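Below is one structure; the comments refer to it alone.
Order of writing sets the chain letters: A, B, C and D. Residues in each chain are counted from 1.
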């Protein structure tokens, strides 16, 4: 299998170079998704099936969808406004400086990393070994799958903050989106529905795929406690289902209602409640009561799945899009080359 | 007690996401008071009983994540709570004219506080990474709030710089985990050596954190982000957010693996700091826009923080202690002063309706309190007595002398004069009689909050002993 | 109580300043009452302390600012000399400023900073160690800047910039010197003590200490307007007349001179300074400044400019007295700190009266003013004669002691400097006096603002002028009185020199 | 050289691949002028870091669920970062900025 690894590693590098070198953005994104699939394979080779699943669903899947959608929006936008004629001329000296800077950065980073890795080879295994520690404690964690134990019990604090990170992203997402809808509710909806006039085949395919995806998601979630899977992967599947549903003209999570907000925050909310409640009995924050670990972890994971799915989906749906009607052109402020100096923060 | 400082902001963050239209904004103030009380109580506890650890989820490090409260962290926690409360009061008034923005300001504000508290307390390398990302995202979101082209561009630039910095940091974490098999800072500090992977890891993390701290020449993202944001946002960003990555840097260099650091590397960081002072001041001097002037002033002032490394690594214990004390004081004084400055400038801009320095003509008569706050904070920034900034500079100068590094002397002393050069541009315009614009009346609470922070910067000059006494409780720092 | 008195003295003007900032511009009566009350209370407190010092009481406030360094306010005989001068002159300057500025805009701002400025001056006089001195020294810079640029014209803004460039630079030098001294010799040497603290530090390298001395003297020398650091002083003349009076007689220039006294007497100690050989260079620097300032004054045709250069010259008498190693010379220098203050304030008040009443700014416009404004002109005459050093004015006493001191110290050249400078003083003051009293009026006044009524000008302007004139004569006539400045200076001098 | 070969294994190989990706992506991040390209470079750089994290740790002591869990967190943070960046970029472009 050594050759396979060699080929896979080189494949990763080549795909990455392909992404960097392609002039066309669409091509770059496609190559990037390819890179993600290769990476998922790599995780399998590294005996990390959870990561393979996550990479395929999130790294390649959701990221790819978001990127492609963005390119679509750009294309649409370019048709709306005439592309700038000559302002795109690259600033030669700046580009040159960036190249030199990149060269220096690359060489020093490469040198440092090479030196470090080379020295690692000569060194004995480290003093600490968390593998054994995890093994010794997994029985008390309430789950039998190591990664889930780490994510939702040993280092559940990381996970709490991580979901908060997702939440921040979507808060900014709706923050930037909503202004458009409040100012022009009707036109915006029109713009979105124009996006989705799918062929009949797609619609029926979506209807077929949707339940399948949801069932898979639930399975992946439930599997998490004993084998690869868990809230994040399941959440990504839910999001994927949602994206499909959007394409199939099923209108979900389009408006930012209180129910949607509840869905977005549900995961963290339940997580926090479960985490805080032991403090009432004098136990530290984030401790599970003895005997209840498995149940509570499953509860949290279930809620997290819903929230993560909704967040990822909303990040797709609520991302800014151009409004189709003509007035758009007027809404775009005239910006000159010195727009940068005009910090219009709070005039 | 310790996790309360995480729970309070998270709960309020969730509430403000859930109920953006309810008067959750007004509830924010009691919440902040609660947070301030909690942090003061923790400070008192630390003062009486020394540093304490808290095993989250009852899992001890290295398996679990430990929170660690020592003299330095409780100082920072209290600072955060205090500045947050004043900025919140300011924001409550200031954001009234930003109907849409304020619905998203408050959740981001609370997430920002949660991440700051998390970073001050965390004793785990990877957890710090997640905390940094949470911090970055909320900060970027706040910069982008107004959603005009300039602020979006600034936010994107900020986000990319911060992401690059985080990856540098994370790469270092990866190497350190490979090397030591644990992520706990205390555990690594016990066994750290000066081998290649450790040094490379530190180098990568350092570059990443310098990027996030906006240390010259990696500061390019800071001025548009801090200068273009809404006034309370700028205040929070300059006073607290950039300090978080500096805090991690200081922990890495002085606590995690002091053996792996060579004095030469420390000199390099010092040189960057000196460059920051010169370049930042020069740019501030040339800005036509007052908010950009203050933003560039942040670039310059952050340079002083870098002097802790050459002054405390490879020098005598006495010099190191002085450097450490001076740096902590500078951090505090700059936080107060810069927040006050951004808030007072916000009020001035609000009153005039323009943000060019030339437009400030006549403000000394018509917006005197805001200008007075600006003046008080400028005193501290210039390092003139009596102020926290002066005491900080004094300690740094003494440290430079007693470690025989006279060359830092020039920059520490000269930096104050350069600061005066750009700050007095504002004053000299403000004394001109004829106003260029009509003045709009401003709410008195805006003035009071700016004045509170400015007064704190000055008062710090008289009570410097307090934070410094707490500082002696930090293990791993020579005292 | 004794621990709180220095704080109270400082607080009277500090609190007054903060309240005045908040008083609306239109409430003139309230502001004036506050101003004058604060000034009177301060004089009372200072008098109390002077009395206490006389009875060997200790007034000290002390707390730790940063590790190893204390904030100290302490009253000793030297600080009382300066505090007495400042508090008395503050009262008169305030009264004068009320007459001068009421009616013009931004009065609250002006009087707020005015009080802040005096608070800094009190801090300088009461500072018990170099660190505290430095704090108030810088505070003085900041609080005088708004006064210099008060008018907000282009000229005053430019002057403000120049002023800052010099004083902040000087402040940085002083900071450098203080840090150097504290690091090299330990913070305990910064404590001001009679006969100096460094005397005991025998293990230290005298050359290093001399170098630090140079840095310190440059630091305070900028404010004392030593040549070549005097450039800010004539420029700062654009400020309103009471500010000029304050800058020249009480606050800024004096703070510099006072700093020199503190450093030489209370840090290095006069004996030790002589030992490491820094007194002679200081004396030469002072002598150069005296001569050069006088020569420049001769060339000025604007009255305030001429007075400004006269200040450059006169303040260095103090430094010269300090540099003369011997008790008599010290007495001369110390007493001149006071005498120059009251004489110069008189001159500036008079110049202000001319400008405010008749719009006179240039010397050639002064022809015959003596008949139109006899009181002011008399005050000007007395002040000018004092500057020249004629008896029975205060100036005579200073110069007499300085001269004898020079001989006693064996520095006969200093006597030559004194004689030459007196001649120059006469050369630039006597023509003015001639114009005032003996030349006929040249037609209409340039810009008559206040017509002659019961008094020749606004009584708020006239009476302070006459009062300080009276002091000028009294200090000379009653020099041997037990409460005279001379007696007090003698007391300090006696305590400074080792038995 | 023998030392190298003895110690070398699959995990280490992928750590090296990760390092190479990191370096290449760093260069691409700095040089590329398009925001989307920068974003792609950031993602690939992140993947490189993740590979180092898992590869290096597992090279030392076999399959290790801790770094895997960390990387899972990292992937989620990365997708959040990407989504956030895309929201900002889209809004920026809609306001007339250059992608």
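The rule is short, and it goes like this: a contact is a pair of C-beta atoms (placed from the backbone, for glycine too) under 8 Å apart; a residue touches a chain by one contact, two chains touch by 3 or more.
What you are looking at is a predicted structure, and each value in this text was computed from that prediction instead of being measured.
Trainee: Suppose every chain is reduced to the average of its Cα atoms; which one is closest to the average of all protein Cα atoms?
Mentor: Per-chain C-alpha centroids compared to the overall one single out B.
Trainee: Could you compare the number of C-beta pairs in contact for B-C with that for A-D and name the larger?
Mentor: Comparing B-C with A-D, the pair joined by more C-beta contacts is A-D.
Trainee: Starting from the mean Cα coordinates of chain B and chain C, work out the distance between those two points in Å.
Mentor: 42
Trainee: Whole-Å distance, chain A centre to chain D centre, using C-alpha means?
Mentor: 13
Trainee: CA centre of chain B versus CA centre of chain D: separation in Å?
Mentor: Comparing mean C-alpha positions, chain D is 28 Å from chain B.
Trainee: At least two other chains touched by the same residue of chain D: list those residues.
Mentor: Each of 15, 22, 52, 56, 59-61, 66, 70, 73, 77, 80-81, 84, 88-89, 91, 95-97 in chain D touches at least two other chains.
Trainee: What parts of chain C, by residue number, touch at least two of the other chains?
Mentor: If we look for residues of chain C contacting two or more partner chains, we find none.
Trainee: Please set out, as single numbers or ranges, the residues of chain A touching at least two other chains.
Mentor: Answer for chain A, listing residues that touch two or more other chains: 109, 113, 120, 125-126, 129-130, 134, 155, 158, 162, 165, 168-169, 172, 176, 333, 335.
Trainee: For this structure, give each pair of chains that are touching.
Mentor: Per the contact definition above, the touching pairs are A-B, A-D, B-C, B-D.
Trainee: Going by the contact rule at the top, pick out the chain D residues touching chain A in the complex.
Mentor: 3-4, 7-8, 10-17, 19-28, 30-34, 36-37, 39-41, 43-44, 47, 50-52, 54-56, 58-66, 68-73, 75-84, 86-91, 93-99
Trainee: Quick one: which bits of chain A touch chain D in the complex? Just the residue numbers, please.
Mentor: Going through chain A, the ones touching chain D are 1-2, 5-6, 9, 12-13, 16-17, 19-20, 25, 28-29, 32, 35, 39, 42-43, 45-48, 50-51, 54-55, 58-59, 62-63, 66-67, 70-71, 73-74, 77, 81, 84, 87-88, 90, 95, 98-99, 101-103, 105-106, 109-110, 113-114, 117, 120-122, 125-126, 129-131, 134, 146-147, 149-151, 155, 158-159, 162, 165-166, 168-169, 172-173, 176-177, 230, 232, 308, 312, 315-316, 318-322, 332-333, 335.
Trainee: Using the touch rule from the top, collect the residues of chain C that touch chain B in their complex.
Mentor: 21, 63-67, 69, 71, 105-106, 109, 134-136, 138-139, 141-142, 145-146, 149-153, 156-157, 160-161, 164, 168-169, 171-172, 175-176, 179-180, 182-184
Trainee: Quick check on the complex: what are the chain D residues that touch chain B?
Mentor: My answer: residues 15, 22, 29, 35, 38, 42, 45-46, 49, 52-53, 56-57, 59-61, 66-67, 70, 73-74, 77, 80-81, 84-85, 88-89, 91-92, 95-97.
Trainee: Residue numbers of chain B touching chain D in their complex, please.
Mentor: 126, 129-130, 133, 137, 140-141, 144, 147-149, 152-153, 155-156, 159-160, 163-164, 167, 170-171, 173-175, 177-178, 181, 183
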